[in-house]
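Can you read through this structure? Questions will come right after.
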Amino acid sequence: MTETTAPAISAGDGPLKMTTRNVDVFYGEKQAINGVSIDVTMDNVTAFIGPSGCGKSTFLRCLNRMNDTIPIAKVTGEITLEGEDIYAPKMDVVQLRARVGMVFQKPNPFPKSIYDNIAYGPRIHGLANSKDELDNIVETSLQRAGLWGEVQDRLQDSGTALSGGQQQRLCIARAIAVDPEVILMDEPCSALDPIATAKIEELIHELRGKYAIVIVTHNMQQAARVSQRTAFFHLGTLVEYGVTSDIFTNPTEEKTRDYITGRYG
Amino acid sequence: MTGSILFLLIIILGGISWFFGRVKARRFVTGSAARGAVHSLPNYHGWYVALWAVGPALLFLMIWNIASPALVTDAALASPAAEQLPQDPFARGSILAEARSIASDQQVKAFNPLSQTMVEPYKTAISYYQTLGAIAALLLVFAGGAYSWLRLKPELRARTKIERITMMALLLASLIATITTIGIFASLIFESARFFSMVSPIDFLFGTEWNPKAVAGPRGETGFGAIPLFWGTVFIGAIIAMIVAIPLGLMSAIYLTQYAPLNFRAWMKPILEVLAGVPTVVYGYFAALTVAPALRDFAVSIGISGASSESALAAGVVMGIMIIPFVSSMADDSIAAVPSAMRDGSLAMGATKSETIKKVLIPAALPGVVGGVLLAVSRAIGETMIVVMAAGLAANMTANPFSSVTTVTTQIVQLLTGDQEFDSPKTLAAFALGLVLFIVTLLLNLIALRVVKKYREAYE
Amino acid sequence: MNSAATFIDERNPTDWQSDQMQKRIRKRYAAERRFKALGLGAIILSASFLAFLLVVMVGNGLRGFTQTELPVAIDFPAMTGGASASQFEGTNAEANLRTLGVQDIVNTSIEIQYGELGGELFSAGGWQAVSAAILDNPDIIETETTLYLPVESEIDVAYKGSGSASAEQKITELKDQFSTGFNWNFLSNSDATDPMQVGIWGALKGSLITMFITLMIAFPIGVLSALYLEEYAPKNRFTDLIEVSINNLAAVPSIIFGLLGLAVFLNLFGLPRSAALVGGLTLALMTMPVIVISGRNAVKAVPPSIREAAFGIGASQMQVVFHHVLPLALPGILTGTIIGMARALGETAPLLMIGMRAFIATPPSGIVEPATVLPVQIFLWSDEVNRGFVEKTSAAIIVLLLFLLTMNALAIYLRNRFETRW
Amino acid sequence: SGGQGGTRSEVRIVGSSTVFPFAKAVAEQFSASGANTSPILESTGTGGGMKLFCAGVGANTPDIVNASRRMKGTEFEMCKENGVTDVVEIQVGIDGIAVAQANEGPAIKLTPTQIYEAIAERPFGKKNETKNWSDIDSSLPDIAISVYGPPSTSGTRDALTELIMEVGCKTDAATKALKETDEDEYDAICHDVRADGAYIDAGENDNLIVQKLKANPNSLGIFGYSFLEENTDSVRGVSVSDVQPEYDAIASGEYPGARPLYIYAKKQHVGVIPGLQEYLTEFVNAGGADGYLVKAGLIASPDDVRTQMTETVKNLPVLTGTELK
Amino acid sequence: MTETTAPAISAGDGPLKMTTRNVDVFYGEKQAINGVSIDVTMDNVTAFIGPSGCGKSTFLRCLNRMNDTIPIAKVTGEITLEGEDIYAPKMDVVQLRARVGMVFQKPNPFPKSIYDNIAYGPRIHGLANSKDELDNIVETSLQRAGLWGEVQDRLQDSGTALSGGQQQRLCIARAIAVDPEVILMDEPCSALDPIATAKIEELIHELRGKYAIVIVTHNMQQAARVSQRTAFFHLGTLVEYGVTSDIFTNPTEEKTRDYITGRYG
């Protein structure tokens, strides 16, 4: 866990939000992540790319300790949020997950009304003191996620009745509603059609700067479009991490080049 | 030649014809050159011939076996020895049967001396008809075998034919279930119809007094009011048993699926399943011998008077225990069927596990759980032995769990094995009760399955 | 964190460290712990019911495997007038024994040793143990031998636990002479009036024969139907009908199958009452849907990729089914079959309706012979007036449970072993 | 076996659960020597047994039916219709309906009329309002009426209504007269048992009944005499009309609740089914005062009846139907 | 079914093996393939590309009537193999599938020994008259699939015990063993790692010319590497079909271009 493994973050990247140092993840005997160190900053969208099974999702889920839900998963190394070690015993997972929100590959709205979907987080965390306040949170979250216009008249409809793209935006709104600092997205567009994908990408652009955003994608073009920093994973190791445009035009590693030019994956 | 030797012979001949069919088919072109020219493998040609050889012969033997005993008896009766036989049909039949079994070496000593005289005629007749049958069967084997063997040619779609026969066999097997269902319905409906011709269905279904009498009372009351039985059934099976089974089953399922370490789950799940594997007669004995007295003592000690040792509570509680694994496995399935994305979604919002379970998983799994509970209820109200042994016979309409009530199944057993007059509406009432039970459990199941299915589809 | 300022200004930042928030979180965690404890409690409660049941049954039942005995000295040479051991060897042994009049010999010996009332001390069928002893070792017939014979049921009960006053008194009188032996009769005899002489062999044999018939009918029909429904059946009304009837059959209360057996097998087909054949048929109809349903699940669990692979190289439907699907689904089908058979083995209610609730003192020797089965035997014994039957009932339950637990364990083993094949 | 033409090597018996234990003992003794095949004995209840018995002649119908009451005329008719024309009736012994209470219970003596008034639905035609025994007769203790008795499906219940309730009911002249004018009403008044909880249906032969009585010393139980005898260390008999339910009193007919037990055999099966007649003989022999059935709780029939029965199993006279009502 | 819908096959493409004319496929009500006409030739490897769900697999499965196994699937139009209509009533599906072999996306060896995996096809079709002949077929098939060297010592081991890439080659060997004329491959490499992928691609090169080969792939680089003809599908229609190098460097259709440059999919 020496600083030497820390990736270089160039000036102008904005304040550091999360850091990871020498993170290893094991599923039982099997090592899925091997000594990964990455910094997540406030102003940039960070993209994780790499072939299937290389550990992108695994690593992403370390950042809000969602891996805790897999009994055989074991995480070592240091991960901090605003300097606090999130794997420290005194860290409260419930709070952590409220601060580091997550959006999943397949839209997963709860089978409740749109309103209740958004209100779920604020309610369990007690973020609203009154009905009005709650209404307010729901409205602003939906607005941020660019969904308000489409659903304001049918807040009581089931969240599952929306189209795929709308559902995914609902999930983003739901994550926003608990006022997180970081938003993690695991292939948020892979289940969506091109038009819905474009909407989400636009949304990411808008959210950038307000939240630290990390996105996993298997679509390199998407990474190039939405992110400013890209990390390329291969077989559980971080092969290359840097400014997105550099990675795509001038990768330093042979493997990265092979991947980007489609020699495998 | 006895039946089994003949059967064996036919099977062997079948094997031989299989072989010949194969040999002939092998002489068609084989190997990769055969492709396109020969439709089926030699094996299938073999089977084709074998089926032709064996099938008709066995069918004939089956019919012959049903028909020939009568022929044999006729022949035996034609003999002079038959003249001394008694006229009483039963005694006569019995002597003949005895003679027959001696003649066919199934019995050594005759109980009735007359039988001995009939043995010889029987022996003659039996061997005559057996030989006749055997010759006919063997002829059929050869005819079938030869016919099909001659038909073998490269283009013959032997495989397709064999496949069609196989499929018919499969279809027939699955028809048995339908036939059984029809059988159940028919056997219940006929007797019930007779019952309802004596007792009005209205009185039966809505009467509140169960006190079956052979003769109708002065005001035409028959005592066949089944409401107390329905109430007892519902009270024990759907209320008390479920009060025990639902919380325990549901919470067990939740703990096992959501909290338990893998090891614990691996051990505990089968242990819980054993609860469902214990025979109901054991539960009944346990309820009657251990639980019921304990509950009654308890009731007395807290000052409930009139507590019966054959209490609804004892039967209900034990039944509930029996149903626990049923509820828990249904709940387990339903919770597992909720996509894990749902759970992850909630956890990722910072919800605790119990919040996730209570606010997301259970509501999402609710239709499945409800379906499961309905199935469990239908199982509980159809349960017999526990209530027969522990619930008592008093047709009370009471909500006091410490008193004795009776159920539909208990009464069916009582009515069919009690000391009542035969052919009275009392016997028939058992079938009417069975019909009601059948219909109710059927409806419950249909509803439950529909609910569960609909809900599964919602996630697929 | 300045960069986030614009956003934070828009909304009240959540102060996670505030007292109010911390208190709320503590409360949520407490609720979490309570909920978890509730779940654990539910499981422990359920499991302890099972443990309690087993402990009670074993506690009551183990005594049923032993019997209390008293010694009886029998002076064979004097009483038989000098029978020789050779008479009781070989083929004529049983016939010779019958003419010997063992029962009288034993009764006289008892009277000599224990006086007039001695007869009331011993189980009436105790002399059969002497017969068995002679057959076992014919040499004793030429000597004076002391044999231990089972005592009368009431005394047996009293000696093992608490009995009636009169029995207790006899026990204090003869205190030192009692001994306890393993009750072999219980494993080899059939039903009887005297609890000291009852055994489960007849019922067990009846159960085995019945199960055999059930298996022979339900298994092939169940497997073939499962294959038809999963692999062949077209989607149409007719298939729906078959499916609906199978699902319904699986849920029909077992006693209804008894009514069916009564109406169809006995009354319509005229098959013999109380026969294992009818019991087996009735239980087969009950077990078949269980096998079909589990069979279908097992067949469904065979990955489609295997079917595609086989189809892809030109296997026909039948070849796919019998070469690939069936072998792979077999462990699952077997698991379901064992569970179905275990259920049938423990079933009582339908058999009461078709006359298997009978007193049958000889084990059945064929499928149309009158027979009873273990659970029905348990039910019959549980209804006995004589108190000696309590422990016998529990002992029979132990035997039944042993069978069932073994079957269940086998099913679980099979399931675990073949669960993750693909 | 099976079918009209079949045969069978063992005797088949069905019928009453009251006679069942005795029949069992006889069956066991009958086959103990190894000379006879053990009979198959099924407890189907008297009515169920009659139905099977009267279904016809042949190997697939039983040879004997045990009955805790006499065969009814209708049953005999049914038998005849199905070809069972030659039925032999044998009285094998007597069973007593015993009224009992826990040893700890307050001493109580009853008459059939008092019992009738306590458990009938409409004693003498009026709704039963009694709560305590003292409501019936001030000499009786002031405790709640609570009687555990046989359920309506059982033969013991028939005996209870005929032997005790009807006797009590007939003591009222007006009610007795009703028998001629309105027999249905008479039956209802005399036979119907109250259903308001004072009378509690309980299984026969049930060990639990003893526990119930022990736990509720104020309750009474009504069951077969053999059951009382088996449990003398916890329950004792209640005297009816000053007669204790004891062996001699029941045997002599002095005790009101005594009923004969019968078995019916098909004469047509004798000589065809091996061992049938021997079994009947064994049963009659075993029912003597010193026979093993008495040990098992049966009460031997009076001597004249026994002599007659010994004759019966020899000659096998058949019923004509006129002796049955 | 006029000839006008037939795609142009330039001279030098080698003999025609299969032709399809105006093929429509319906799943119940839903149309999955809409009027597709393609020719498959002996000497070229034909690749099908297109976004997920566009019907590539569906169309491929029409070529050996594997769609028959899906009850709701209905195929219309004309498909011929060597001039015979394969949907004609007299066509025996079993024989057809032996002539048109198939390799699936996920390697699916039977849970039997390696030997039995290969021998299964020859056995059910009665291609070998003796044990020796069968041994011979097994060996040559494994050799063709480039697997012989790796498994010759353990032919009795279970086929499922091999690595993913080996399994896939086993499946190819199994298909070859019944001596097919056409081999259809549905994304044969998508479950494999780069090295295994490379091996399969090499194998395809070697098999080319001996068998007519059709391959579905979602990896455009792979299509470019292994095929000589490429068909681009979109929403069930055939957008473009032609020489691979043309399609990738100079597509005539706007949609093809968009797809190839990664604007969606």
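Read from first to last, the chains carry the letters A, B, C, D and E; within each, the first residue is number 1.
By our rule, contacts are C-beta pairs under 8 Å (C-beta built on N, C-alpha and C of every residue); 3 or more make two chains touch, one makes a residue touch a chain.
Predicted model, so just to flag it, every value in this text is computed and none were measured.
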{"item": "Chains touching both subunit D and subunit E, listed by label", "value": "B, C"}
{"item": "Centre-most chain, if every chain is reduced to its averaged C-alpha atoms", "value": "B"}
{"item": "Which two chains share the largest set of C-beta contact pairs", "value": "B-C"}
{"item": "Length of the line joining the C-alpha centres of subunit A and subunit C, rounded to whole Å", "value": "57"}
{"item": "For subunit C paired with subunit D, centre-to-centre distance based on mean C-alpha positions, whole Å", "value": "34"}
{"item": "Rounded Å distance between subunit A and subunit D, as computed from the means of their C-alpha atoms", "value": "83"}
{"item": "Residue list for subunit A, restricted to those that touch at least two other chains", "value": "94-95, 98-99, 124-125, 178"}
{"item": "In subunit D, residues with contacts to at least two other chains", "value": "3, 43-44, 203"}
{"item": "Set of subunit B residues in contact with two or more other chains", "value": "159, 288, 352, 355, 416-417"}
{"item": "Subunit A - residues contacting subunit C, complex", "value": "14-15, 42-43, 82, 92, 94-95, 98-99, 124-127, 140, 178-179, 181, 209-211"}
{"item": "For the subunit C and subunit E complex, residues of the former touching the latter", "value": "234-235, 303, 305-316, 319, 323-324, 328, 421-422"}
{"item": "Complex interface listing, subunit E residues touching subunit B", "value": "92, 94-95, 98, 124-129, 133, 179"}
{"item": "Sites on subunit B touched by subunit D in the complex", "value": "73, 88-91, 93-98, 101, 111-112, 209, 211-213, 215-218, 223, 288, 292-293, 296-297, 300, 306, 308-310, 392-396, 403-404, 406, 414-424, 426-427"}
{"item": "Touching residues (chain side subunit C, partner subunit D) in the complex", "value": "94, 98, 103, 124-125, 164-165, 192-193, 270-274, 355, 357-362, 368, 370, 383-387, 390"}
